[in-house]
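Notes follow once the structure below has been shown.
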Amino acid sequence: MIDVAIPPQTTSPVAMIRTLGLVAALCGFIIVAAYQGTFDAVQENKRIAVERAVFKVIPTAKAIVEYFAAPSGSVTKVGAGDTAPVGSIKFYAAYDASGKLAGIAAEGVAKGYSDNVRILFAYDPGSAAITGFGLVAMRETPGIGDKILVDKDFLANFPLEAKLADDLKQLAHAIVTVKHGSKTQAWEIDAITGATITSRAVGRAINDAAQMLLPRIVPNLTQLKENNGPPRS
Amino acid sequence: MKLLSYFRGEAFQRGVHPPSCKLTASTRIRRLPFASKVTVPLSQHIGKTPRPIVQVGQEVVRGEPIARSDEWLSVPHHAPVTGVVEFIGLRPGVRGPWVESIVIRAHPGASQEDLWGRPRDLSDATGGDILQAIWDAGMVGLGGAAFPTHAKLTVPKQAHVHTLVVNGCECEPYLTCDHRVMVEQADDLITGIRYAMRATGAVRAIVGIEDNKPDAAVAIRAAIVRCGRIPEGEIYAELVPTKYPQGSEKMLVMALFGVEIPAGDLPVSLGMVVNNVGTLAALGKLLPAGRGLTERIVTVTGPGVAKPGDYIVPLGTPLRFVLDYAGAPGVATRQVILGGPMMGQAAASLDVPITKGMSGVLVMQGDALDWRGNQKTYPCIKCAECVESCPMGLNPAQLGMLAAKREYDLMGSDYHLGECFECGCCSYVCPSNIPLVQQFRIAKQILREKALSK
Amino acid sequence: MHESAAQIFINAFLANNFVLAMFLGLCPFIGVSGKLETAVPMGVASTFVMLVASLCAFGINILLAHLGLEFLRLIAYIVIIASTVQLVEMVLKKYSPSLFRALGIYLPLITTNCAVLGVALFQTAREYDFVQSITFAVGAGAGFTLALVLMASVRERLQLSDVPAVAQGTALSLMLAGILSLAFMGFAGLGG
Amino acid sequence: MSIEISSAPHIKGTRSVEQIMRHVVWSLLPVCAFFIFQYGLSALLSLMVVTVSCLLTERFFVRQGGQSGDIGDFSAIITGLLLALSLPPGFPLWMGAVAGIVAIALGKALFGGIGFNVFNPALIGRAFVQAAFPQAIATYTPSFMPGRFAEYIPSSLTLPLMQPVSVVEWLKDRQFDALAGATPLAKWKFEGVMANADELLTSLSGHMAVGPSPVLILLCGAYLAFRRFLDWRIPAAILGSAGLTAWILYGFDPLRFPNPFFMLFSGGLILGAVYMATDMATSPVTPKGMWVYGALIGLLTVIIRYYSGLPEGVMYAILIANAAAPLIEKITQPTPFGKGVLSNLGRQKKGASYPLHSGYISREDAGAVTPKKRFMFNKPKHPPKE
Amino acid sequence: MNASTTERWDEFMEGIWRQNPLFVMVLGLCPALAVTVSAVNALSMGLATTFVLTCSCVLVSLLRKLIPKEVRIATYIVIIATFVTVVDYLIQAISLALYDALGAFIQLIVVNCIILGRAEAHASKNPLLPTLINALGMSAGFTLGLFALGAVREILGAGTFFGIALFGADFQPWVVMVLPPGGFFVLGAWLLIFAAIARRRQKKLAENIQNA
């Protein structure tokens, strides 16, 4: 037989697989190392971020506990590594320095001018009112949309009445955003001229979340109050 | 304006309405005296160039054949004057380059009657005989294109012609020769039409006349009655709304019948043949007399002409002679246009002769051409005027932009450059003064050369 | 908040157009938008790859979540999307050579561009379900195609303009993209 | 003696670019005059500043050689006037100047000057400032304010680069509430208040913050269309498609959607349809294309107004249609004479466009066939002899 | 300085000026436009890219003899994706706010073709040191480009620079600059400026040649 001088392959499959395996192993090692190395810092960061956000909307809070509100109406504390049961909503119970329940914070989201507006709002069980809100994320126009955080008239909307109806199934009055200068009720939000759309989004986010969440929380307030905050130093 | 023409019933879509300037519409046809020397270019028509059959020094009588060809798509020439052949060779041509011509010095004393022809009776001649007679007469289309008439009247084997369309539109501003022919030579025209019908086998002839010449229609209808032998409806005259370029055969057929001649096809594909009124009137006069084409009617007009009018001009008469006679001093002349102002060609010099296809001599003097200098050229502002005026339904704006970037191939392949018949409507209307049709001519030329070199 | 399929589509197609509002897929957008005849197949091919990527990502994500290996998500996405596209390319080549000829030359260009990976990442981040994911991918692809086609036709027209010499090339394309993006701001808030 | 040689045609229509543009400027003057009458000194100053900034920018680029055309062609004046008419009367002058500069620089010079631009320059200017200064551009003041010829709207005279002062206080001093400064569209969209027909058309009866008078614009536009300085098809298509879409939606849900009349006569739809969408350089040249283009603008306008976050949509609709115009033009190229597949059939059925003589023999009757080859085939065998 | 140091320096400067990935090669546009709404974001993105680019190129260069031709692209992608994942977690660990601001564009560094291009065109053929220098030069060029965009957009769009107010409270920010169109306009404007400079230089050169 005549040797045709065309090598079918420069590298043998074994070598190829060996190298790929090596590279993959190396990469896997690097990733796992990075993941492990940063895991604590990331978790800590996330916790601090949540805490900060909650502390901001509930100024008296000194500690928080994470809860799930299940559709059945029960609330359960979240332990490390727990995954959310289907249909449940996460919220935070905040406790002040003396361990008393200072308020409840939860996230709400609604479509704003250009994308979703995600906020964290605080509910005060004592007065049954929304006492304030903070921003989680949004892509609204700088200079317009972000007025919701600084506009004095807008911030004056809070506390905002959020009483449950007698059947404890929904809010007595849905929270609505009305045009600037026409707020007459305690459950209405006075919009910002020029940023009506973002104002509306805030109103809707609060309303949607409150309608879902409050009927589950309010019956369980005692459970939340009894829990004197997390055992933290 | 567009709306108005819509309600009036548009003859064909788009087109333009240039000012008509028909200065000579009611001036009778006059005869021009003979120049002392005439120059007969050998190539005056579409097709093969005939060769001279006379020698230098030879005496010729008016009407005698002086050039002939055996080629089918070619016509003979006849001596326009009685005189002596002085020179055979290159003389200035209309387009600039010199062309092969026969120069004849007229006998000063000659009576200049047509001596050569022999009257004959064609009353029961067959179509073939008539075609032969037309060929011998050296007839070409007098409407401008100068296509050999016998060739046009020969119906292709597979085709059938039912209608002869007689083109009496004369849509170009200034020109009135066809108009005067219809008014003054209506009887010759009817005779010519009947010959052409016999030659083609058409059962019907329609004279299409723009409605700014009602008197022409009246004259033709009167001639039909006078003739007497014509069955009802065989020949009739129709008025069509005036609009440029009605005279184009495509537009005229559209105006009369509402059908489009398919792109790339001739009217014969719809069973029609289109002839100019001047051509048929000349036929009507020449065939019974057995003579050849030695003269034609030319409108000499324009802003600088003292005696404008329609003149019977011997072929080969130098332009300078015509201008002098009509009172257009050569010194003041800025431009001489052969044909009408929309499609005519600027003469390269005043020494060129009148040829068979020349329907008008338009003399521009003084400020008549100042618009060229006064108007600024802008980029195309996409005003769509040109699109709204192109009778062929092209997009001259796009073609113009492509031409400016030398995208000639794209013009031909995607934007139908080949359909443009260079009527000039687009250039006429363009507010940006873009020389659109001028660019298209160049583009077509380049594409032709490219196709040839392949 | 649950977004309906129509909302997701309109958002990805117009309001948050991948190219003009989200800055994804800009390199092909600037590079391939010179001619209409390349822009259209490029758009179609991209839409197709986005759909493939979206399906892959949906599957991988379920798998990784199940295994608790979310930190491998990125590397898994990129490897699997790239190889699936390659596989599809081979299948196409074998069973539909005409389709392959129309789209094939564009496929390798697209496998690793950010619009495709963007679809996968965004649908994961927004926790879309299966139908939502598909709608999102198709909407994003349609939006990409729309932007590409508009840009290409405008650029073809500008070939016939006397654009100043300094502005020719990428600068002009970017300015055009800016103007288009300005015009698309009119759609803001459409999908809600 | 020498004679000139030139190529046909040797005569020329009387139209020129300057003439067209001059007529458009003239026709805009009554509209501007009424705008000034509505809003007083601020409107006058705004018109002047914006136009001058357009002209200066144009002059700079023409001198630079970056663009063709010249300042004498009036097109920059049109850009300036239309831009100013589309801005609120109390828009800070420095922002107006920015809009003018952007309009000419980005909207026109970038593409090579007059005729080459793909987007309407005035709208590019406006879209830019709308995105840059969204609050200022949404701040309207009531029309027919007393004393409007004696003082400026305070926001007009804002120092360059600075934020405009709020007009709310100023309005309060004059017993207007803050809502008086909302345009009819904003009022409808954000407050559900609909303006009456008479207010929309002239605003003479109240202090509604409306733009330039639609009636006047329609009149001036009709004049231009009649003189054929603009193409009537585009406004007709826009108003038709916007009206139709609005009417259909109104039919579905009259409570949620306003009536078509409100849709047509509120905001800048009429100004946009008559003067801005018709800008020749940025609209298709093909007649069919103009219908498509107009219909697209009308449809987009209604969609943006009803469903997007903004109260007004004409500007964006026109800009998007501008971007689509080359594409529209490409797919609506006219069919050349004699090339339409069905052109002959269709026409013959409809009958000739000119009344036919009764003796007309149709092609079918006569059994005519289209010859495949031309004359070459029936050439006589032997050349006939004399 | 000896010859090779100058060469090295030239090679480094190449990436910054003559072969600038953003302004000259016009690559990696998406991150360049998406995250440059502020100078800080621009710099962070630049540094993240630098990290990924440098690490991947170094690793590729080290492994270049080992990697078979047939699977090199796959290998590069895996390597790049690895470092992107690393940088993703690093940024999360450093600051969540920054992580949110950069959004998905950190993960999209994977497909930034500057990196794959460098790995393929340079790192796979060169030893460690030149690779490092080349990668650093390119990264520096990209980072500088991002910074040029981010600075302009932040100054005009918010009136601040690194968050410090520059013009007092009454300054009217040009919101458009931090919106998507602004990104296109600013990059386009930079390119126009560079083109104008290049033209002027060419003209001068031509004049000089003529005069000489």
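Order as written gives the chain letters A, B, C, D and E; numbering starts at 1 within each chain.
The rule is simple: contacts are C-beta pairs under 8 Å (C-beta built on N, C-alpha and C of every residue); 3 or more make two chains touch, one makes a residue touch a chain.
Being a predicted model, the structure only gives us computed values, none of them experimental.
*Asks:* Could you leave chain E out and let me know how the rest splits into touching groups, if at all?
*Replies:* one piece
*Asks:* Please find the path from chain C to chain E through touching chains that uses the fewest steps, and give that number.
*Replies:* Minimum step count, chain C to chain E: 1.
*Asks:* Central chain, going by Cα centroids?
*Replies:* D
*Asks:* Could you put a whole-Å number on the gap between the CA centroids of chain B and chain E?
*Replies:* Once rounded, the distance between the two centres reads 71 Å.
*Asks:* Find the geometric centre of each of chain A and chain E from their Cα atoms only, then give the gap between the two centres in Å, rounded to an integer.
*Replies:* That pair's centroid distance is 34 Å.
*Asks:* CA centre of chain A versus CA centre of chain C: separation in Å?
*Replies:* Roughly 30 Å, centre to centre.
*Asks:* Measuring from the mean C-alpha position of chain D to the mean C-alpha position of chain E, what distance in angstrom results?
*Replies:* Chain D and chain E have C-alpha centres separated by 42 Å.
*Asks:* Give the residues of chain B that touch two or more other chains, as numbers and ranges in rising order.
*Replies:* 379
*Asks:* Which residues does chain D have that touch at least 2 chains other than itself?
*Replies:* Counting only residues that touch two or more other chains, chain D contributes 68, 106, 112-113, 116, 128, 131, 134, 309.
*Asks:* Identify all positions of chain C at which a residue touches two or more other chains, and write them in rising order.
*Replies:* Expected reply: 15, 21, 71-72, 75, 161-162, 166-167, 172, 175, 179, 182, 185, 188-189, 192.
*Asks:* Pairwise, which chains touch?
*Replies:* Once each pair is checked, the touching ones are A-C, A-D, A-E, B-C, B-D, C-D, C-E, D-E.
*Asks:* Once bound in the complex, which stretches of chain E touch chain A?
*Replies:* Those residues of chain E that touch chain A are 59, 63, 66-71, 74-75, 78-79, 81-83, 85-86, 89-90, 92-93, 95-97, 100, 157-158, 173, 175, 178-179.
*Asks:* Considering only the defined contacts, which chain D positions touch chain A in the complex?
*Replies:* 134-135, 138-139, 177-179, 190-191, 309
*Asks:* Considering only the defined contacts, which chain A positions touch chain C in the complex?
*Replies:* Touch list, chain A to chain C: 27, 31-32, 35, 109-116, 197, 208.
*Asks:* For the complex, give me every residue of chain D touching chain E.
*Replies:* 95, 106, 128, 131-134, 136, 158, 161-164
*Asks:* Which residues of chain C touch chain A in the complex?
*Replies:* Checking each residue of chain C against chain A gives 1, 15-16, 21, 71-72, 75, 188-189, 191-192.
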